[in-house]
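In the two assemblies presented below, subunit A is common to both, partnered first by subunit B and then by subunit C.
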Partner chain A sequence: MSHTTPMVEDGPTGADRLKPFVPYLLVLPGLLFVMGVLGYAVVGGIILSLNETDMFMNKTFVGLKNYIDVFADPRFQAAMLRTLSFVVISIVLGIFMSMSFALVLYKVVRGRRFFRGLSLVPYFVSGIATAVMFRFIFTTSGGFVNTVLAQLGLPAQSWLGDPTLAFVVAIMANCWFMVPFASLILLGGIQTIDKDLYDAAAIDGANPIQIFFRITLPLIKPMLGVSLIWVSYISFSTFDIVLALTSGGPLKATELVSIYMYELAFRQLNFGQGAVLMVVLLVFNTVLSLIYIKIFVMGDRRHSEAGK
Partner chain B sequence: MAEGYVEYRNLRKSFGGLEILHGVDLTIPEGAFAVLVGPSGCGKSTLLRMTAGLEDVTSGEINIAGRMVNNVHAKNRGIAMVFQSYALYPHMSVEDNMSFGLKMRKTPLHLITDRIKRAAAILKLGPMLDRLPSQLSGGQRQRVAMGRALTREPEVFLFDEPLSNLDAKLRVEMRAEIKALHQRLKTTTIYVTHDQIEAMTMADLVVVMHDDRIEQVGEPLAIYDRPANLFVAEFLGSPAMNLIPGTIAQDADGRFVQTEAGLRLPLEPEANGTVGQAVVYGIRPEKPDGRGRGGRYPPGHCVGKDRAVDGQHEAAGGVLPRRRGRAAARR
Partner chain C sequence: MRVQESGPMALLFQRLGPKVLIWFTLTFLVIWTATPIIWAILSSFKDPLEIYESKSLLPEVWRLDAYRKVLSMPGFSTWLMNSVIVTVVATIVPLILAILAAYGFARYAFKFRHVLLLLYLIPRIIPRVSLIVPLNDLMSDLGLINTYSVLFITYIASAVPLATWILVGFFGSIPKEIEESATLDGANMWNRLRHVMLPMAWPGVVTAAVLCLREAWNEFSFVLALVNQTDMRTLPYQLYMLKDSMGIQDYAVYNAFTILTVLPLLLVYLLLERKVVDSIVSGAVKS
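Then we have the complex of A and B:
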């Protein structure tokens, strides 16, 4: 081998050494931006919750005093329980409706795109407008629902005046807003399932209910997780719709944590306690999302690429 | 078997106003390996899916084992199907894939275990039973799909282009494996493919389809040697049959085919056709026997032990004829 051209010992060049980091470098600007905006709000909120802040924004550090005060506040406890039942009912109802819409939209062959687009309209309507629309529908005198009830010979209801009914209407308005996007996520999942699987399952003798629970549902688990995160987050954080619909009334029947937070921070100017509620909502949302991701998204990695 | 095991009587299928299967009549005897072959969109997959019960029958009849199954649900037809995509349930293990159908039928558990064991032994799936489809190779997935069909112990196996997602080598192996499986089980099989080599090598009965109807039905060699029409003649065989237009003529030695370029091609005495009739003379390209001398042989493309040569016979004005064909397909 004496005649071979001497080779330059080729160590990894600078560019080569950077290669593994390129994807991270590309994500970095976006990540920094999001972290900056989010981080500022979250860190600022946490700082606020640990201080006594007056209306001139003079801060006095008080440690966990705000937390202790808030957790001992019966109005907060009631709002928290209310929020939890609001969220649970919204999740159950919202996912049920989203799944139903997704399955129906999947079956629609002619004009599927049109209906899919149409179904998203509620999502594009602002929360305030949605609330105004629901007020119009549920107004006691001359409202749409009561007019229909009257036509059917049924007694009119005070939808927004009765504590229980107002709570129900608030949940309906919340679902109205969040279901379209959740059903779009689920529909996307259903559409990735190989149609042959349904043929195979039909030959295997599975009925439609078995096919749904044993084929469709397991295969859209990751999308179910994502839509659960969406539905829970929206329900925990819902604010504008409920505020414009009932302002938390009647008799605080719809005063959710987010509404009470607004009340504390911007009506009573108790920024410290308001910030505590923000932290509480943040913790709930984060923990729930992590649980969903663990159960639905991560646990599914192994075969998710085999969906085809 | 006088009576057909799977029978189609004047079977038609329309989508909207468009008819995509024009009156299929076909009888498949018990235990046969029937291959539906034809170009894409010829209706062969539709016919198979109608047999499986995945598509409605517009008119006509499908009989399986002497029973009219037009309105019988797919699960009750006694069929099992292997899909082109394999259609394995991605979230279930190999074992669960194979037992799903049996569980849906509430088969007793010990029977399920027995059947899975047997199918796994036949298809050498034993070590893979716990794996997910995504952890298997293409050939293994193919075998799982067949295993799932096997555990059903069906009266009829349906295969929808099962090998088209495999590479060439594996395809040849699986072809042999499917054929061996059929010889072992003797279950009536309907197999759809667009690959004429699969049809020729696997079938007891070849059904050539084209333009939503059946062109010819018969044993592979019978169809190969005596195609019923020009489509079948051209579709089967690779390289394709030489087709040379000419006219039937007669002299003292008997009838022969006179080509436009003046070539004289011999005609078997039993070939039909009258003197003066315009015909297409078909010659299979195998076995150059010297009769074609006079043409220039350009370098051909070597395909292993064979060398395919395209050339022109000076007198034929067409493809170089190298073997005396037996079929004189009518124009």
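Then we have the complex of A and C:
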């Protein structure tokens, strides 16, 4: 690739001298726009995290002081631990559900299109609407769950008033929103597997569990990687769902790093420390994505090349 | 690891076990997916007091009062228009930029091709909510808070990489020979793009458009951080604000508002469901 050689020759339009620049003219406008805005924001955020701001947004350079303050802040430490457990539980539950849905959407014959179409619906519901809907499922008076409990003659529960239950509900709402996309990705992987492999395994007397772990799972490894990236990206950056569901409460039981970041910057107007949390979110998400890419995409490529 | 047993129960379990498991999971999927939406619809037709008593699942009388109240909110048409304007712009502009870029990536070999393609991917792993702090600071400095421009800029920037990645896959899968024969017929790049590539990659263009639409219509964190005037709110922002702005909680109104914000996008999805689902399942859309 030493020269800029178009794979397709342009017609004799007389613009021959421009030709080497054509791909750049096509590719760069979008990229420059994206990098201009998002790159500017990331760099601006890092600079902001090194400054102290007052109420009028006057900045003074303070070096790493914000980082030291934030990392020593017990409220941040609690939010960080909470976020990690939120992410881990969401990933485990989310991948389990996505895999179950994908397998069942693969197996179902009658109404296949309907079930697939239906399964993706939550992906198109906004985070705020998801949160509002889950509030009315679990709200104490008039919630779906308590109405059902009342019909069964059971006492009502304060689902969103109890710290542990509220945390669980937040995870459920998060899963409701993120599982559909992940399960369709996994379904795509399962569909590409040659059916003969299953038949051969069945003839050899393998049971469904063995078939899943020995055949299905290894063959959809790249798709599993993609859905893992999606699930952990969504869980790490969950913000609107939790903000509208619980606002971080009760008793800060659902205050994740993203919620605390919003609180610090927009309620307490401490933009310097808010920017530190932005950097934390950014670093964690990037590291996690790189690990997944290394394990699932790169590892798989090397494996298949070695197998040739 | 089930051992082969010959008892009738074991045999029955072996025959029916997988089927029962499939039906159980499928039933769970349907209930899990539909309940929040159906409950919101049912509650939106109830009387506010009836909701509080949580006696029955179905409304005693199907009332349209909540919808009437939402539609007569003084700002409703403004918020709806804001959402529509921002969504249309943040779908069309990214699509144009992405079509050009994807064509460049799919059809030309050039220096830094891989690096530039990778640069298009990076924005997708940045948690967007993390950018609200610096964006608020930077856009305040530029005097862009409470403008359409600031929403256009941020929405477009986050949609371009998504659309580009979808379209690179679709364009790349179109055989080069088809385009080459068009070249021999004297078609230049624009004509080839318009008359060969776009029609052939149409499912991809539709999918990219729907997903851009989805991002813009549902976007919340940017509008939360960059807008604070009531008349600049979009529907998701107003839905969030309902929580604080209603003195006594009128749950029916709340649910009706939710349904009205969700419905337009769901209709678009239902119309184009086949193309979108197929594109995702075929692996053409990766986060």
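As a working rule, the second predicted complex is superposed on the first by the 261 of 308 C-alpha atoms of A that agree within 3 Å, B and C clash if a C-alpha of one lies under 4 Å from a C-alpha of the other, contacts with A are read in each partner's own complex, and residues count from 1 in each chain.
Keep this in mind: a contact is a pair of C-beta atoms (placed from the backbone, for glycine too) under 8 Å apart; a residue touches a chain by one contact, two chains touch by 3 or more.
As the structure is a computational prediction, the values presented were derived from the model and not from experiment.
Engineer: With both complexes overlaid on chain A, does A:Ile203 touch subunit B (first), subunit C (second), both or neither?
Structural biologist: It touches subunit B, and subunit C stays clear.
Engineer: Check the residue A:Leu243 against both partner chains and state whether it touches subunit B (first), subunit C (second), both, or neither.
Structural biologist: After superposition on chain A, A:Leu243 lies in contact with subunit C alone.
Engineer: Is A:Ile291 touching the first partner subunit B, the second partner subunit C, both, or neither of them?
Structural biologist: Touch partners of A:Ile291: none, neither subunit B nor subunit C.
Engineer: In the overlaid three-chain picture, which partner chain does A:Ile89 touch, first (subunit B) or second (subunit C), both, or neither?
Structural biologist: The answer is neither, since A:Ile89 touches no partner chain.
Engineer: Classify the contacts of A:Asp194 with the two partner chains as first (subunit B alone), second (subunit C alone), both, or neither.
Structural biologist: So A:Asp194 only meets subunit B here.
Engineer: A:Val168 in the overlay: touching subunit B, subunit C, both, or neither? Say first, second, both or neither.
Structural biologist: Neither partner.
Engineer: More residues of subunit A are touched by which partner: subunit B or subunit C?
Structural biologist: So, of the two partners, C touches more residues of subunit A.
Engineer: Output check: A:Pro23 vs subunit B and subunit C. Expected answer is one of first, second, both, neither. What do you get?
Structural biologist: So A:Pro23 only meets subunit C here.
Engineer: Check subunit A for residues that touch subunit B in one structure and subunit C in the other, and list them.
Structural biologist: In subunit A, residues 210 are touched by subunit B and also by subunit C.
Engineer: Which residues of subunit C touch subunit A in the complex?
Structural biologist: That would be residues 1-2, 18, 22, 25-26, 29-30, 32-37, 39-40, 43, 51-57, 94, 97-98, 100-101, 103-105, 107-111, 113, 116, 119-120, 123, 125-138, 140, 153-154, 156-158, 160-161, 164, 176, 179-180, 183, 186-189, 192, 214, 217-218, 220-221, 225, 236-237, 239-240, 243, 251, 254-255, 258, 261-262, 265-266, 269-270, 273-274, 276-277, 280-283, 286-287 of subunit C.
Engineer: So in the complex, which bits of subunit A are touching subunit B?
Structural biologist: 194, 196-197, 199-206, 210, 214-215, 218-219, 302-303, 305-308
Engineer: What does subunit B use to touch subunit A in their complex?
Structural biologist: The contact residues of subunit B facing subunit A are 49, 52-54, 73-75, 79-81, 83-87, 89-91, 100-101, 104-105, 132-134, 148, 152.
Engineer: Residues of subunit A touching subunit C in their complex?
Structural biologist: 1, 4-11, 13, 20, 22-31, 33-38, 40-42, 44-45, 48, 57, 100-101, 103-105, 107-108, 113, 115-130, 132-134, 136-137, 139, 141-144, 146-148, 150-151, 156, 176, 180-181, 184-185, 187-189, 191, 207-210, 223, 226, 229-230, 233, 236-237, 239-240, 243-244, 258, 261-262, 265-266, 271, 274-275, 277-278, 281-282, 285-286, 289
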